[in-house]
Structures are given as C-alpha cells and as structure tokens.
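Quick one: structure below, then a few questions.
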Amino acid sequence: MEAFSFESFLNFGIFAYVCLFICFSVVTIVLSSIEISRYKRKNRYETFKPLLVSPFAPSVSVIVPVINLRTSIVDTVRGLLALQYNNFDIIVVIEGNSDLHLIELTKFYQLQSARYSSLTHIKTQKINGCYRSANPVFSKLTVVNKTSGGRADALNAGINISKSDLVLCMDTDCFLDQDSLLKMVKPFLEEREQVISASSVVHLANSSEKKDGHLLKLKFPKNILAAFQAIEYLKIFVIKRMAWSNINGIPLFSGTVNLFDREVLIESGAYNSEALSPDFELLIRMGRYMHDNAKRYKLAYIAEPVCRIGVPENLQILSRERRTWNGGVLQALRLHKNLFLNFKYGRLGLLNFPVCMLSLCTPYFIILLLILIVAGAFLSNINLEFAGILLFTGYFFSVLMSVITVLYEESSFRSYTSGRDIIKMLLLGFVEPVIYQPMVLYWQITSAFAKRIK
Amino acid sequence: MAKVLVIEDEELMIKALEFRLKKDGYDVSLARDGAQGIEMLSKATYDLVITDIMMPFVSGLEVVSHIKGSPVLKNIPVIVLSSIGLERVVMEAFSLGVDDFITKPFNLGELVIRVKKFVNQTNVFN
Amino acid sequence: MEDAFFSITSYLQNLFISRLSTFPVFIIIPLIALVFSVIGILEVYIYIAVTRVTAFYKRTREANLKDRIIAMLANVLVFSDIDDPQAIVAHFLPRFSRLPLYRGTIRRLLVSELLKSHSSFNGRVAEVIQELYLQLKLDRKARKNLSSRRWEEQIEAIRELTEMSVKEESEKILKYTNDRNPSLRLEAQVSFIRLCIENPFRFMDFVCEPILEWHQIVLFEVVTKTESMARPRFAIWLNSKNDSVVSFCLKLIEYYQQFDAVPNLIYLINHYNPVIRGAAIDILGRMGAEVAESHLVRAYTDQPNEIQLKIINALGMIGSGKSISFLNSQAKSEDFAIRLSAMRAIKAHRDDGPELLNKLFNEGVSQDREIIELVLNERVIV
C-alpha cells in the first residue's frame, strides 16, 4: 500500500509538472506570436524617416560604462557616433584605473577638460574629470572619468550628467544597429499610456564579422557554449520576453540594452548600485513608482533585433555571470517582497511577481523530482517505464520548444540567413535539454545557496 | 569620354542614372554600396563621383570623407544625392568638401546639367 | 543495429496500440503529448525546409522580373525629361501593356518601382510616371481596396493613390482620418494633406481620436515639405476639445511664425492640460511675444514647478527688460532649479544681461556665485 502511494505520488508529481510546463509553454508561445504579429503589422507601413529629420524627436543620451574592457573603446564609440538619429549624445563613463581608455579616446577624439552642471543629484562615486572634444564633428561625445563604483554607479553618473528626455543604458559588448535609436524611441511617441522603458530582441555577436564598431553579417557562433546561449537568447527574447510584453510585464531577463524615460527613472531612485541585477530591480521600482502615483504605464518591447551582444565563451566566466544574474533576481524579489499578491500594484503584484517567483522555484522542483526518481529506482518503488515516459515527454516537448523558437526566428526576423546556421540550431535543440539546461538549473540553484551563505 | 562613378544602392535609381548619363556620352561605372565604391576608386580614375548618402554599412559621407581626405582623389568633384535634406546633414556634407548636394525628389535634367558643369570644370583644371 | 531498430519499433507498437488503453490517465495524456511533440518537431523541420526552398525560388523569379521591369522603366525615365510626357507614354505604353498585369506579383513589382521613382524624381519624369500608372489602369485595384475589410490593404491603397496624386479619392479617404486604427488614421491624414491642398486640414474640425506624438511628427514633416499648400490660421483650432489637435497646431503656429495667434496662445496659459500650457508658454518665449510677459508673470504663482521653470525660460527668451525685477526675485528662490533658470534668463536679457548677473554675483552667497560663474561661462557647459 505504502509503495503504491509513493509511486502514485511521484508519478502524479511528474505528471503535474509536465502538464504545468506544457500549459505554461503553450500560453507563452501564443502570447508571443500575438505580440510579434501585432508589431509587424503596425510597423510594416511605417518609415522612420520623419523621426530622423524631425525637430521634435526626443533627445537621447547613450550611456556606456567602461569596466574591465580589454578591447579598444574607440571602435565602440565610432559605431555609436554613426547611429542614425537627429538628437542624441554619447556619455562614456570610464571607471577607475582605465587610464588607457581615456588616453586612447583623448588622442582619437581630441578631448579637452570640460565643466559640467547637473540638476539631479543621484549619489555616485567621485567624478575625477569630464571631457569633451575640441573638434565640433565629435560634439556629441562626453567622456567622464570616475572612481570605481560598479556598472550601476557608472550609469547613475551618466544619468546625472545627461540632460536628455531619454537615456539608453548599454554595455561595451553591445553593437547597436544604425537605426536602433529610431526604432526604440518610436514607442515613446505612439502609445496612449506613458512608456517608461523600451528594450528589444537581442542576438549574439559572437563569430560575426565586425568593422569599425559595426557588425557586418550575423553568423551563428562557432563556440559550443556560445551556440547554446544563442538558442537560449532566442527562447528568451523571441518567446518569453515577447509574451511578457503582451501582458506589460517585467521579464526576469532584463539586462542588455534598455531605453528609459529619464524623469521617471530619476523619480524612482535611479540604479541601485548594491543590486546584482540592477536593470531588473530598477524596472520593478519604476513600476512601483507609477502604481504609487496612479499613472498608467507601458514597458515597450521592440519585436525585432536592433542590438547584438557578445556572450562569454568560457564556462567559468559564464557560470559566474549566471550566478550573479540569478542572485540578482532573487535579491530584487526579496527586496520588493511586499509586491507579492498586493492588489494595489495591479498586474505587477498579482501576475508578474508570482510568475517570476514560480519560475525561480522550477529548478528546485525539478531537482526534488529527480532525487525522488533516483530514490524510487533504488527502492524499486516506482514503475520505471512510467517515469521514463514522463521524462521523455518532458524532453521532447523541450526540444519542440527550441524548434518552435527557431521557426519564429525564421518567419519573423530571418537574421540568420545561412541555411547551415538554421540546421545547426535545429540539431542543437536535441542536445540542449540534456547538456545545457542542466547547467542552467545548477547555476540557478547554487546562486541561491551562495547568496544565503553570504 | 569623361568617366563618372555612380554609387547608389537603389536599383532603379542607379539604372536610370546609368542610362541617362550614357546617353549623354559619359563612361559610367556603377557601385552598389560604399565599400565597392571605395574599391573602384582605388583601381581607376574618375572625373566625377555621384553618391547616395543613406547606404548600409559604409555611408555616402564616409565615401566623401575618403575621397576628400586622399591626396590622390581629393580633386575629384563629388555630387551627393539624399532623401534627407536635414540642415545638419547638408552642413556635414559641405564641411567634408562635397561639391554639390541634391535632395530627392530631384529633376533628372538638372542633375545632368550639374554633371556637365563639374566635368567641364575638371577638364579645364587639368 | 537492425535488431535494435526492430525491438524499438515493436516496443512502440506494443506501447501505443496494445497497451495504451490499460494505462492510467496521467500516462495516456503525456503519451499523446509525446506523439504531438514528435510530430510537431518533424512538421517544423519540413515547414522550415519547404519555406526556405520556395522563398529561394520566389526570390530568384522575382529578382528576374524586377530586373526586367527596372530596365523597362529606366528607359522611360531616360527620355522623360527630354520629350513631351504624353509622347513618351504613348511610345512606351504598348510595351508595358504586354506585361501580364493581371498577375499579382507583376502588378505589385511594377507599382512598387513606379512609386519609388515617383518619389525620387520631380518635374517631367514624375509626370510621365504618373501618366503611365493611370494609362495602365493600375489605379483600379487601389481604388477598390480603399473599401477593403483589411486595414493593411486600405493603407497600401491610400499610399499608392496619394503618391500618384489621384485626387478624386480624397473625399473617400477623409472618412478614415478619424478611424480607430492608428496606422490607418495616420495614413489617411497624411494622404488628405497631400491630396487636398486647397483645404488640407479639414479633418481637424471633426477628429476625436488623438493625433499621437508620432503622428504629429509624421504630419509635421509632410506639411512642411509640401510646398504649394493652403496655409490656414492654425489658431482657429486652438480651442479644440481634442488636446492633440491643439498640440499639433501649436507646433505649426511656431514653425510658420503666425504672430496673429499670440492672443490665443496667451489664453492657453490657463489651459487645464499642463502639457498644452507648457507648450504655449515655450512658444510665446521663442516667438519673443512681449505682450505676453505680464500674463506670464501673473500666472506664475499658481503653477506647478515645471510650468514655473518654463515661464522663467520664456521671460528670458523674450528679454524685453520689463520682467528683470521679477527674475531678480526668482534668482533668490529657495529652489535650486528656479535659481539657475532665473540666472540663465537674466543673462539672456538683451546686452546687459551679463552685467546684471555680475551685479548679482557681487551681492550673492558662494553657492550662487558658483551658479553664476557656470551660467556666465560661454564655453562647454555639459
């Protein structure tokens, strides 16, 4: 009798998880396809040319913190200066000991010391110097040198100095398409609710040809770890974030490139320099601020890739990065735990937050199930055939999700034009649930314990 | 026969310019993007360059900057075509040394007259 | 290998055919899901392969067609600025008529190239393209699609007819200028402005849907680029109940420097919507409307902080000298932003602004002196 109920319990547990996983995935796919279709239909007939020439285009500051950069900063800046937009400036914030970058920029762009004024007083580490170019051709560029304080602190320094309506916060490993600003600014002008932030689909830049800060052609990464991440990024940006955007939610994965309404960002308190995932934590705070002030808002999502990013190809660096992100998400959720099921915060508290928390619980549930299966197998208490069927269902469904992701990418953006790249992605879908996803689960779980031990 | 290089990514525009200029007796070479244009400039001499501004990867202004920055090429007159007549872009083009700036929509006959003027100037100069 | 294959197939056969009905529900459902997943994976593979191959063939075929059409059109364009447009069209029409225009792809490609060339060239070339379009009766489908149920088709039709200046359809298009669909609404508004140049802003009399910021940017670009267009007094719409109409007209009033609208702008200083209020105040400043100064000063105290800053900026831009004492008083405000704005405004006052600021410098405390130094420094303020 006991064995029967343990086996039933285990089988029911796996069945419930598999069902939930399937339902959740189907809902995500449906929401995502609605969103892609909506975006494509809306923008099929629009041209960005009026925004390019308009005197009413909102001003944008592109803020780039330079931290531990091993390559040349000049190329990054050159790529940014070529952005097609009427009204923007670039603020490069060099942290701490990166004198080499400052010297390089000074030489290339004829920088001179400049004074600055700031009406906002976000607390940051000390600013050691501010520089602008003597050459009017580079009048868009401002370089700030400050004491080390981390990425969030550097962004805050840039926000302090900026006088624009919008701020684009990015990293040095991002390559923006030339029309990226046009595409990201547009939602701020066409939505009925106030748009407080805009982000976009992100593809990988690894293995792609680069020249003068531009990416020439997108190629599927050669490195296996980067290849897995390419599929993962597609799943995150093409499916999950698209679905979140449909319900105006803050996705767990909020980093890379974000365009913010500067005023709302400052009123919300700007970046938290203690946060491990500063963008995610900031978006929650901005959402809270809007709810607290009874203002309707929208988090815009550009359903096409305007940015490419380089990802780690080294396992150690990748695992450290992932542990930091996951730790950051946990930290942010803990910090704002009073949002959980709080009616005052509408969708943010009733839907967004619980779903984020559920997503974070998934790895634990999977580990628990696996432990039970192994235990059951040793005690010969479970029907291995049933357990196998359930596990295979989970596996093939996971493969189906990867393959559907590739299908979405094919039918909407076609960024990977080579047939070979598509075949690689489709085949990797079979390997990914077995090799890469367990690694991701492992990082998710260890990041939680690492935080606790800390 | 004067040699003209046309750099333009839009197919109909490039064909129209090619046919029209050939009809007026010019030897026309075509480049479909800025990089190809720069490569062709390194291989042959031209009496005039007509280039669009908005092209992927290597813009027309970069081509102009390359021409006017080179001691060998800087005397070649450059006419820029653009669908964007933004003051800032015009100023930037002229500050780079562009000889003429034409915004679309433009009059094809007028362009041909300007081409004749610049080619004659170059010949007189030579 | 063969044995393994046979044993797997017999196991699957046994599982799905013989034993399926004996399993509990929580195994049957996952088995069905498993089958769907496997079939789904295969279907996606096949779909991607088929779409890639058909897209390749379609692209190649279209590229060939496109090259032929472009070559034909280029020939037309070459002669267009030399000879009479009617003669050119009469000469080339037979060749174009022989194209199978009943085929959607060919019509689409031809119309697309005609539209592109019409927007790139003006003068006789544009006339020839337009005449060719009409003579080939390519407008028939567009006129029909104006009443289509699909808004995408309506937009394409409106765009085509507008580019080819088919003015007869402007009344039909006017209907859509107040449509709920923002993309269709914008397209109709742009089209109406371009087609009906005698009274292009008629839709502003009745439009209740908002003219979004993005739409205002597009419309502004169209209005300011259309040369021969009747330019009304935009002030007549400043009392519209639709705030977005007011906001759009403010932009146009400033662009066209319609000084007769100043009394209406002054009235807007008390508008219920702070965005409109702020925009009106900014424009009064930029237009240098001295008559508005006293009204701005009077309205100052009851306004929220952002509007107060705008009033100070506007007074600085007007710079008549009459509000110097008011600005001096604000230069001593407790609010840092107000102090800074006031000092900037004083500096902008005629030629003696810097002198007045220096006077304040001598009277002021150290923080104020720092601000004044910054304001006076012409070079590089970030």
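We just call them A, B and C in the order they show up, numbering each chain from 1.
One rule holds in what follows: contacts are C-beta pairs under 8 Å (C-beta built on N, C-alpha and C of every residue); 3 or more make two chains touch, one makes a residue touch a chain.
Treat the numbers as computed from the prediction; the structure is a model and nothing was measured.
Visitor: Using mean Cα positions as chain centres, tell me which chain lies farthest from subunit A.
Guide: Here the answer is chain B, farthest from subunit A.
Visitor: Between B-C and A-C, name the chain pair that shares the greater number of C-beta pairs in contact.
Guide: Of B-C and A-C, more C-beta pairs in contact link A-C.
Visitor: Provide the C-alpha centroid distance between subunit A and subunit B, rounded to the nearest whole angstrom.
Guide: Subunit A and subunit B have C-alpha centres separated by 42 Å.
Visitor: I'd like to verify one number: the distance from the centre of subunit B to the centre of subunit C, where each centre is the average of its C-alpha atoms, in whole angstrom.
Guide: 30
Visitor: Roughly how far is subunit A from subunit C, going centre to centre by Cα mean, in whole Å?
Guide: Centre separation, subunit A to subunit C: 28 Å.
Visitor: Can you list the residues of subunit A that touch 2 or more other chains?
Guide: 49, 53
Visitor: Two or more other chains in contact with one residue: find those residues in subunit B.
Guide: In subunit B, the residues touching two or more other chains are 83.
Visitor: Can you pull out the residues of subunit C that are in contact with at least two other chains?
Guide: None at all.
Visitor: Name, in rising order, each residue of subunit B that touches subunit A in their complex.
Guide: 56-57, 59, 83-86, 88, 92, 95
Visitor: Which bits of subunit C are touching subunit A when the two form their complex?
Guide: It is residues 26-27, 29-31, 33-34, 37-38, 40-41, 44-45, 47-48, 51-52, 152, 155-156, 159, 182-183, 187, 210, 212-218, 220-222, 251, 336-337, 340, 374, 377, 379-382 of subunit C that touch subunit A.
Visitor: Subunit B touches which residues of subunit A in the complex?
Guide: Residue list for subunit A touching subunit B: 49, 52-53, 82, 86, 137, 178, 211, 214, 216.
Visitor: Can you list the residues on subunit B that touch subunit C in the complex?
Guide: Those residues of subunit B that touch subunit C are 10-13, 15-16, 18-20, 23, 83, 104-110, 112.
Visitor: Quick check: in the complex, which residue numbers of subunit A touch subunit C?
Guide: It comes out as residues 11-12, 15, 18-19, 22, 41-42, 44-46, 49-51, 53-54, 56-57, 112, 114-117, 119, 130, 132, 142, 161, 186, 188-192, 386, 389-390, 392-393, 396-397, 399-400, 403-404, 406-407, 410-411, 419, 422, 426.
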